[in-house]
Amino acid sequence: MPEDHDSVAHGMQPEDSPELRALYAGFEKYSMKPLWTQLGDLMPMHPKPQAVPYLWRWSDLLPLAEASGDLVPVGRGGERRAIGLANPGLAPHAYCTPTLWAAIQYLGPRETAPEHRHAQNAFRFVVEGEGVWTVVNGDPVRMSRGDLLLTPGWQFHGHHNDRDAPMAWLDGLDIPFSQQMDVGFFEFGSDRVTDYATPDYSRAERLWAYPGLRPLSGLAETVASPLPAYRWELTDRALAEQLLLEDEGVPATWAPGHAAIRFSNPTTGGDVMPTIRCEFHRLREGVATPERRDVGSSVWQCFEGDGVLVLNGTRHKLARGDVFVVPSWITWALEAEGQLDLFHFSDAPVMERLHFMRTETGLT
Amino acid sequence: MPEDHDSVAHGMQPEDSPELRALYAGFEKYSMKPLWTQLGDLMPMHPKPQAVPYLWRWSDLLPLAEASGDLVPVGRGGERRAIGLANPGLAPHAYCTPTLWAAIQYLGPRETAPEHRHAQNAFRFVVEGEGVWTVVNGDPVRMSRGDLLLTPGWQFHGHHNDRDAPMAWLDGLDIPFSQQMDVGFFEFGSDRVTDYATPDYSRAERLWAYPGLRPLSGLAETVASPLPAYRWELTDRALAEQLLLEDEGVPATWAPGHAAIRFSNPTTGGDVMPTIRCEFHRLREGVATPERRDVGSSVWQCFEGDGVLVLNGTRHKLARGDVFVVPSWITWALEAEGQLDLFHFSDAPVMERLHFMRTETGLT
Amino acid sequence: MPEDHDSVAHGMQPEDSPELRALYAGFEKYSMKPLWTQLGDLMPMHPKPQAVPYLWRWSDLLPLAEASGDLVPVGRGGERRAIGLANPGLAPHAYCTPTLWAAIQYLGPRETAPEHRHAQNAFRFVVEGEGVWTVVNGDPVRMSRGDLLLTPGWQFHGHHNDRDAPMAWLDGLDIPFSQQMDVGFFEFGSDRVTDYATPDYSRAERLWAYPGLRPLSGLAETVASPLPAYRWELTDRALAEQLLLEDEGVPATWAPGHAAIRFSNPTTGGDVMPTIRCEFHRLREGVATPERRDVGSSVWQCFEGDGVLVLNGTRHKLARGDVFVVPSWITWALEAEGQLDLFHFSDAPVMERLHFMRTETGLT
Amino acid sequence: MPEDHDSVAHGMQPEDSPELRALYAGFEKYSMKPLWTQLGDLMPMHPKPQAVPYLWRWSDLLPLAEASGDLVPVGRGGERRAIGLANPGLAPHAYCTPTLWAAIQYLGPRETAPEHRHAQNAFRFVVEGEGVWTVVNGDPVRMSRGDLLLTPGWQFHGHHNDRDAPMAWLDGLDIPFSQQMDVGFFEFGSDRVTDYATPDYSRAERLWAYPGLRPLSGLAETVASPLPAYRWELTDRALAEQLLLEDEGVPATWAPGHAAIRFSNPTTGGDVMPTIRCEFHRLREGVATPERRDVGSSVWQCFEGDGVLVLNGTRHKLARGDVFVVPSWITWALEAEGQLDLFHFSDAPVMERLHFMRTETGLT
């Protein structure tokens, strides 16, 4: 079986002739395109993403975000001071992957990003800083280092900075999927946030953030998680305990020395949102993961620690805040030189719900 | 439409005759029974349970359990020093309801109840005391006041008392269902518990007890909850927050002044076990619930507080530890004279999965 | 591991003493029953059904049903001239198994059995005869040899005989489950059937009886199948094709020489009703099934053919119409001496939904 | 709320300055793109598809397909003589919609299109002709007028024409989704079809094509329907019966005078494939549907009859074989001047599984 997909479709190339030209002109006239001139591109032997594997340095991103804070106002119309991490292979679009948008968002001291809602699902992940509250359907949610915050599709949300220092964080959305598949709706809300309170815990957390305890007022399954925040304190403890349990000989880690949790919807046990999976991974010092590739694309952010990323065969030293993208069917591996903590999000729910998921691991 | 079901089937009673007697003798000979002699009993207008509404006083139960501690040994063969709360309507069986077994179990100082497993699903609820560990599949689980502990079907489990004081608690199982439906299997395990350690938290809690954080080593849905313990501290906090949120005008309680949580399986969001639902309810002082009746049976234990139970029209003052049973389609209501906390379990998952559930509320 | 469950619970029998008698008197007074006096019965090593394996001869059943036609009127109040096949082990109840009721129902020429509905799920299977229509929610459904007819829970139904000849058939319901679990509701309908038309196909069949074609007016999942009839012509063809495909070397049969279909709900692909599974089996001449036992109970009716049933080790020659019951965990096997066709129903959906199902096959 | 989405994002346009240019140069250097320069496009108020509503005439398509039959060989490499209906709004891609590929495929007398398989899901719909068999996983499936034939993802399939006349049909696949989302895999199979038999019914139909009868050898749920063919005879009868039932006053049609069926997977009751919904619609003479728009895209083919399509406000007279595409959130309506039969396929399963579906109906 020829692995060279470029040969696919070539078998049918007819000889040039006046009749053929007339045929092709007819196709052109009636908006038709033959499969035989394009099969290899349309139906490759395996995914051949246009998106490229890529790494952005937090040390590059943050200064530019800060500079934009001085130069670009935030408010109604522009909505967010967010700068997309644009995959070079997907230019001119600002897509990180064909499904996922990733951006650094920046909010200056005392600023407000006004409320709106959209069909697109979104989350924030905080690699450093504090002082901003995201108001989700009127409920103020504190944002602190290590926290994952959700604003699922069609929930009103705005942000406000309660402090005299700016704050930056990572935004993740399914904008590219939404735009390419034509599913987006958008609606403006309040020009300010509807509640400037700054509680430690949102009302939804106070209702939902207990393991296995479900309020009787919330028995229906919800499309997205009713929990608006997953706090670093608990994520950190869950990962630490997995490694301690492993030390005690108890099966708890995902792989030896590799602790990992998936953020989940407590009403179903499934992913937090229909299109985006969020996870956190911790590797012990010295652990190297096997090379692996999956259908679907994902984005990682180095939260803390020392390590090396091997992305499509190229080695990159990782530092706090660095973001990298793994397109579909591109191999990756990680090597932890100290304890290495990473946040991870992907379009795996899309791939699984539509039964396109495949995985190969231990390739090398 | 005649509501008097006693008339059902009477319409077909044939006149006595030698031929009829011959017919009935034929039925007898060939193990046949006509519907027309029994329809009203077999197919009542609404559930007419043999089980009766009943209340057991903790002040009666506990001394008898203590006395049994002096007189009855615990160990292999007898397995558990448990005394069933036997519904008088279901004699001679020791069933609390047609589906549910409820018992007070008593373990003396330093005693061990040996390990075994069975297809029947079981839990323990601790109304008072501490010092016993239940060892579930080799994992020691602390039992303290207010905790719910699970030992789902076919998981090995034993108990040991690490203290010099005895301890008693409530056992709940689906033994009556299991026995009537012929689904039970049983297997002896170790004559002692396999791990006498007394950690504050079991290994499974350390792996699972984080809201919305799912270990990647535990992505498969499980029939029963992987969490072996639901701790009072969290149950109490969840209920308290519901009432505080209600005070703030946020929809959080099940009904005004009535906070409630359902213990759930974090891998599905559903009930903790396939046949038994467990909940905890807290009523504010002064709150009275509407009269209500449901298909299926349930058992409540008063955990703390002052209040009155109205069961099938009869009023009972409740005290700590009192247990009452609500058979199918029997009305009940609660009136809180101070804050009233109750643990509740039922066969509702059976009724819902088989689509027999019906509820009437606000009857009076 | 001791397989003799009689020893279970014996380990804790305390010595007789005045104190013990006082304790037991206290238990009696307060409606308590200790586990240690009954563990072996309550929690056997494996299911020990009270129901016994049993076979009823159609040649015994039919004459008695006919005799009842002369002696017993049918009409409002008695509702149905149905004679239950009462498992001798479950006396005094008319239960065939702990979950299932099976009866022979008889309707004389031109008679009507009036309409009613009940929470209990029901079906009819026709081993011989024709001429009766079951009217389900106002829709007349023809009953002919080999047909399976459904009247799921809470659907109004009555029967009328349009011919000058009587007709008898097999009724199957979940009455024993319903009665023991207290889930039954009943409501009278019309004293006559609401539509005396005698179409070949009911309206629901005309809407639903196309493989894989779902009306857009019927996109919601339904608890029970919307198809009221599964016609013999199609069942027969499906079974015949499985054997032909097997002859052609195509995997199609359940086991070599053993064709089988499960009647299913086209809105889900699952069982036709929440508590009852219905299947049809055809064995080629000479085929013997391996001995097998399952959790849960089932009932078979020999539809046609020559064969032997081996039930709990005892051999029975089968003839058309013979009905036999297989209680939980009792072994059975079939040997076909000619082509052997059998209708089968069971409580397997209950066992599967509550996760109690177990099966052992190829025991001997 | 401003409905003009063009204003979105304009609120943040900063004044030009050397610093801003430096900022934008930094963005460029580090593969970043600010949201504020593109928000309106990325997150429109409602779907603004690039795909345009479009109609292809069968009378244009068929002659060009025939001409290609003379000029273009079919065989290994090119795989299929298929000409895509390329949405002008999606040029240069040959996509009919962002998710769906539609093509006319043409096979000359006695020709073979070789076997292959791919992750993409595919079907064929036959608007006219006969004589070709599609061989699916080795099972020959007859293709005749009105039939829907499935070749779900990763099933080997080829076609061969057993007659002396050519045949053309409509191909539908999820190629655009697959290519944009990078999920495609492809594998060559036999250069010829593996079975040149020409049976009336495939083996899979003989096993599965009985309403509600599930082989015990096929109890597992399958991702795609196990039925490879949905025959016109049954589709036609189901639609005819819906209209007859409507005449009799029975709720059966989707809307007055509008019969419709959805092709479904008998193992689940759901869609035939994870990404593609297939339906057939029949309108009585004189019926006009209300204007409607949905999230997601769909393609219709006029199978037979007289009528008018109102697509995005423009009227088109329909003739046999005409194909039209309805992009996301574009309004459409149909008016039947005689009985009007249409085949319909869409990406609705994608939209529903990812919870992006919305519908507006009765707009005018």
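Should a chain be cited, it is by its letter among A, B, C and D, assigned in written order, with residues numbered from 1 in that chain.
The definition used in the following text is that contacts are C-beta pairs under 8 Å (C-beta built on N, C-alpha and C of every residue); 3 or more make two chains touch, one makes a residue touch a chain.
All values reported here derive from a predicted model rather than from experimental measurement.
The chains that touch both chain C and chain D are none; no such chain exists. Computed from the mean C-alpha positions, the centre of chain B lies at a distance of 52 Å from the centre of chain D.
Centre-to-centre, using mean CA coordinates, chain A is 30 Å away from chain D.
If each chain is reduced to the centroid of its CA atoms, chain A and chain B end up 43 Å from each other. Counting partner chains per residue, chain A shows two or more touched chains at no residue at all. In this structure, the chains touch in the following pairs: A-B, A-D, B-C, C-D.
Those residues of chain B that touch chain A in the complex are listed here as 203, 206-217, 219, 221, 225, 227, 230, 234-235, 237-238, 241-242, 244-245, 248, 250-254, 260-269, 272, 279. Looking at the complex, you find that chain D touches chain A at residues 1-2, 5, 7-14, 17, 19-20, 22-23, 26-27, 30-36, 38-39, 41-49, 51, 54, 56-57, 60-61, 63-64, 67-68, 70-88, 94, 98-99, 101, 103-104, 118-120, 153, 175, 177-188, 223, 274-275, 295-297, 327-329, 347, 349-351, 353-356, 358.
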